[in-house]
Amino acid sequence: MTRTTTDESLLVAAHGIRKSFPGVLALDGVDFAVRAGRVHAVVGENGAGKSTLMKVLGGVYQPDAGTVRVSGKPAQFRSPHEAILAGISVIYQELDLAPHLTAAENIHLGREPRRYGVWTDRASMARATAALFEDMGMRIPVDVPVEQLALADRQMVEIAKAISRQSQVIVMDEPTSSLTEHEVAVLYRIIRRLREQGRAIVYISHRLKEIFDLADEITVMRDGRVVGGGPLCDFDRKAIVRLMVGRDVQENTRRTDQAGTEVVLRVQGLGLPGVFADVSFDLHAGETLGVCGLAGCGREELARAVFGLCSYGCGSVDLLGQPLPADGPQAAIRRKLGFLSEDRRSEGIFAQMSVRANATIMILRRLAWRLVGWLPAAAEQAELTRHTASMQIRYAGPNQDVRLLSGGNQQKVLLARVLATGCRVLILCEPTRGVDIGAKAEIYALLRELNRQGVAVLLISSDLPEVLEVCHRTLVMYQGRLTGNLSRDAMSEEGIMQCATGLMGGAA
Amino acid sequence: MNEPRTAFGRRVSAALDWRERSVFAALALLFLAVSAANPRFAALSNVLSILGDSAYIGIAAIGMTLCIIFGAFDLSIGALLALLSVASVTWAPHLQPVVGTAGFVIIVALAGAGCGLLNGALVAGLRIPAFIATLGMMYVYRGAAFMLSGGQDQRLDSAWFLSLANGDLAGVPVVFLVFVGLTVLGTLLLNRHPLGRRIQAVGNSPKAARAAGISVSRTTLAVFALVGVFTAIAGVLQASLLRGAQPGRGVEFELYVIATVVLGGTSLDGGKGSVINTAAAAVLLATLQCSFSFLAVNPYVQKIIVGGVLVAAFSMNYLRGQVEDWRKRRQQQRKEASV
Amino acid sequence: MMKTTGALAIVALVLATAGCGDSKSSSQQQIIGFSVYDMKYEFFQMMEKGTRERAKELGYGYQLHDQKSDELQMVSGCKSLINQGAAALIVSPIKPDALGAVVDAAQKAEIPVVINDIGGGGTPYHAIIISDNFGGGKLAGQYVVDKLGVGNGRNVAILKCEPSAIYAIRRGEGFKALMTSNGYTVVAELSAHSKTEEGYAKMKNVLAGTPDLVAVFCENDPMAVGAAQAVAEAGKTAQVLVIGFNADGVAIESIRAGTMAATVAQFPEQMGRISAELTDKLLKKQPLQFDDVSQREIFAPVKLITQENLSEASK
Amino acid sequence: MNEARFWRWWDRYGLLAILGVTVVALAAGQPRFRSWYTALNLLSTSAPVAIAGAGMTLAITCGVFDLSIGALLALVSVTIGVLVPHLGLTGAMVAGLAMGGAAGLVNGLIVTRLKIQAFIATLGTMLLWRGLALWISGGKDANLVHVPAVKVLAHWGWLALLVAGTYGLSALIYYRLPLGLRLRAVGSSATSAWASGVNVNAMTLFVFAYVALTASVAAAITTSQLAIGGCNLGVSFELEAITVVLLGGTALRGGLGNLGGTLLATALLGVMRIGLDLANVKDEYQRLAIGLLLLTALALDGVRRARKEAA
């Protein structure tokens, strides 16, 4: 644990930060200090608490316990604005710009330059923004509404907004996730210049290469706690990866059963410009195939393209032997392909509908009487109890709103919903994110049972132990390309992480 | 609360769940208060006439409840009501001898569905926000109503037509029975029919609905068609009561209908609502209106009272929602801690 | 959870206590129920004043219902008056065609129905006080002829109420009939929906279309007041005669100020008093003398009010 | 002219083109149309809607719909009518404006404190203001024809000044003041505005007060034009104001205000009404013509949105 030094050069010092959300403890007593003129990298798996820590520093969340000191003085941020006034600017992963406003307006929102103290000085706003972009070496139009800019440009506008605030501490959460090589180089130059100006940069990224290029200090987090840190020179890649995944790596139970041989899903040369390219793999009956990779590597988009939620540029998808046309989810569902999104809240549950309604939403046509369309409550209840038994879903009553269930129970209801359609191939994105340990085990047991029944599962997950325990085989993606295809024996957390951080090509 | 064992037990306890039914509580309180002030208010004949009056806005409010649960508004139902009642009065003499009374009502309902589909097509096809599309169609339907009637009021008092709204079964006005029937139908459609589930699903989250294989555009067309049907039925019954149709009818009708739905507790953000509560809110507003004449309330003050009640009731939903969430979450935590 | 219905309950109780004052009329007294078109118009406020005062003078209880220009309210309001045990019903209907439901309910309760102005809708009412709208229109036309002589092609215009106000249509027809028979040409007939601001806007357009207009007849006073201001702004108050209908207070002042030339007065307060007297006779089973027995009509006089006889306009 | 350039041209000049075509057509068809009178009539009949439309444009840009401005127009007019004998004309008008602004703030407080959606909250206050107007005036219009200089605001000079002043002030706020930028930010994305330190509630309160003030100015003009304190004025005035903002092209999701569009749309509707009146067109056909105009505008907007998404 790094000692908390109290000398003046400490711009921001957080001590003993705790933060919990219903059902999950996000931060468990975290100490974190940032020194002027240093780039401080923060690494850790998804869900390790990095983003939550930054949102606490940035004033979005208020900590349950612990204190935050800004250059020695204790500080309380009730809103991002107060954090900004205290000199801390945070660039969040999900961009937060007003789409209808232009780049110049977004950057100067809240602190518009004034002429004679009253009028917005649009000219100087445009000039300052153009100079900023020039200085950053970027050619982004200043007076075009942000919604018309490319994703990469929007990311750079977000970065420019933070920089222009003359903040002492600038936090960047996955800044390069949608940038091209050229833009990444520009970011490097900007960060180095900020460092010379004596500012502190907190840099969150999965790409170890970038960390080794830029950072002076590093903090490694896991499961809401700081598990290691200090000057970067004391660490090498393997040490960091081991810290990132270093659970007391007890030999978790690997899949012993054999997957089937019949190919149920064949994807050939799938590509979507700028997101993922040239992805090919086969999925066999009764097999669980993991797809790993760090945020922004294109695995979620790949899953959505296969299911038909978004279109793909080139390549083909064959389901159970026939080609699957890419014209929307209905066709895929009819052809027995199931899909659960990683964003349970906005693309999964129907929050204000009952547990029973959520479970049976996809099989209403089968349950309802032919002509009248009447949905007998008994038939629905029977369908629900059939799944409840196998998955031990705990809820107060079938008519209880789903939003009042715990994360684990909500996920089970969604699984019940998609399995009720009798799908032969199931695509799951982050099925156990924000799920308590007990529910996780039950979900893994369910996946094994499904495999036994011949259902194939494509598991998109960043929970490495889960992938090792549940998958027969694992693909790894880095910046839109398949960089690893590891069989069960070759699978290890370090191996996967090496491929995921783009360090070496993984052997098949 | 203890867990009722049988499915029926669970359903009854849900129905009587006092928090959901605060509109009924308000209705009972208002009725008792006014009856105390003027005993004649509680006379059976008066109660029946109140129930009859509540049907006209109530029936249209059922369709609007489905639309608001779906997450949209339909501002064109006032003008559509005028157009459909004028159309039904002009077509009646030719159609009724051929298809009979029931057939006639079905045809008018289908015409309503047709106009509803037009609204739905604008929203789903051209992706115009429902608010703008229906505001535009309001002007078009109003113009069409005046065109069809040449600006003049249409008159029709053939016996079969009048029996629609003025008949009564064992004393109870047929209109109210139709209203109760449609409320039950609406509730069953919402809770016990695939379309109702799809409407709630899209209202909760269009993205999740699409991922669950629900066709959002087809559901949009269905919802707006339903709004058209319920508006058509309300239009025919009003024409029957008033023995004719007026192209200028139904100005601000859509605003009162939306107020009734929100008074019933359906939230404007969509996703959750109850047809029965809307029906109770319709009866509550009719009772309030009737109580004004029983209590000889100054006509101008009446508008102030109705406005005040609406604003108070709308804030009530928000406050009640907060309290309910907090209590249910606390209950949930206690359950998880004990398990 | 009574707390959540708190606000609504309080409103109900306040309403009950506030209202119970005058509705506690002595029980044995017979109540006359009056359902009025819309209390927002001055004409009907005067009618209600006359009905109420005369009914109380005759020793009856009195109960008012405001239809607020809504046919549905008319039907439900009249039924609730019957349910309140009204011994007799007086109605000034917004929609005479829809009176059937009201008269049927009254017959079932065996109580007499007296219609006050607007129209009877061909229903079996006991009596109707009707002011001669067609005649009133002709009176206005006659005033123009008296002031300007024979038409020989000069232009006049008519501002009509909303198309659904069928009683007002007869006023316009009366005026048009007399004007055309005297050689005037009616060059424009536009609807201003009984709104003052629309009367103003339509008049400006009519003047733009026919600068040599000599007279405009508005089917009610709110539109006439607006039209008069439009004419004044064009500086043509001397050239254009602006005539209204109903003799609302606001029109009387405009005539006194000279912006309006004349208005056709009905005497709503007097009509109200007559309706109360007719109801009194019906309740006492006394015979009524009608001006037109077949239609059971009693004509209420209409009178032209100009600057000269302004005093007579006061009811 | 390829597809994209056409739409970009349409965004800027489409409405102007339709207005031009309508004026030319009417001028050709109606000899009377080609006169000074028409321009003056357009100004005096459309001034109230234009002024309230400016306020409503800012409101919709900030994501707020105010249905109560029609009833507010009547309430302010009645207040002016009642106060003229005590405070004189100017005093009464200033008091009326103040009361209108206060009513707007009440709307804002209901929406921000009770967390009710603007649309449904103002539906409630619409009834409140209408009831108050009738109650204060006892249902009788106060005739101000005897009040000296009551017609002051009816003069085209004042009308032009007030319309220009309102649009000038609104444009100043909208384009020149930081306030305008923050309003558009709140309408476009309230979370990003909050994160950038914009006080979202204050913006909502300002917008409600501003649209109420513009409605009060419209009330003062109407009161002066008709020389009455009218308790029945402004029926469906709010719908007219919302319609001209829609026709003017403000995207309904807020954040994309278009003051020029609103002014042009008001002029277009005004010109159409004058033309149809001159042609003595019956009421029902006038309604249909305006309905079809709005429908074509909607359809074009929908097609443009579909094109943009497809591209």
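The first chain written gets the first letter, and so on, giving A, B, C and D; residue counts start at 1 in each chain.
Keep in mind that, in the parts below, a residue touches a chain if its C-beta (ideal position, glycine included) is under 8 Å from a C-beta of that chain, and two chains touch if they have at least 3 such contacts.
These numbers were taken from a predicted model, which means no experiment stands behind them.
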If you average the Cα atoms per chain, which one ends up farthest from subunit D? A
More C-beta pairs touching across which pair, B-D or A-D? B-D
Find the geometric centre of each of subunit A and subunit C from their Cα atoms only, then give the gap between the two centres in Å, rounded to an integer. 71
Which whole number of Å gives the spacing of the CA centres of subunit B and subunit D? 31
I'd like to verify one number: the distance from the centre of subunit A to the centre of subunit B, where each centre is the average of its C-alpha atoms, in whole angstrom. 43
Return the residues of subunit A touching two or more other chains; collapse runs of consecutive numbers into ranges. none
Which subunit C residues reach two or more other chains? 39-40, 162-163
Scan subunit D for residues touching two or more other chains and write them down. 134, 139, 282-284
Going by the touch rule set out above, what shape does the chain contact graph take here: line, ring, star, complete or other? other
Who touches whom among the chains? A-B, A-D, B-C, B-D, C-D
Contact set on subunit A toward subunit D in their complex: 60, 79-81, 84-85, 96-101, 105-106, 108-112, 114, 118-120, 122
If you look only at subunit D, which of its residues touch subunit C in the complex? 30, 32, 35, 37-38, 41, 44-45, 48, 134, 139-143, 145-146, 151, 154, 222, 225-228, 230-233, 235, 273-274, 277-278, 280, 282-284
Listed in rising order, subunit A residues that touch subunit B in their complex are 22, 309, 329-330, 333, 339-341, 346-353, 357, 360-362, 364-365, 368, 373-375, 377-378, 381, 394, 396-399, 401, 404-406, 417
Residues of subunit B that touch subunit A when the two form their complex: 3, 7, 10-11, 14, 188, 192-195, 197-198, 200-201, 204-205, 207-215, 271-272, 328-329, 331-333, 335-336, 339
Quick one: which bits of subunit C touch subunit D in the complex? Just the residue numbers, please. 39-42, 45, 162-163, 187-191, 195-197, 200-202, 204-211, 222, 225-226, 229, 232-233, 248-250, 253-254, 257, 259
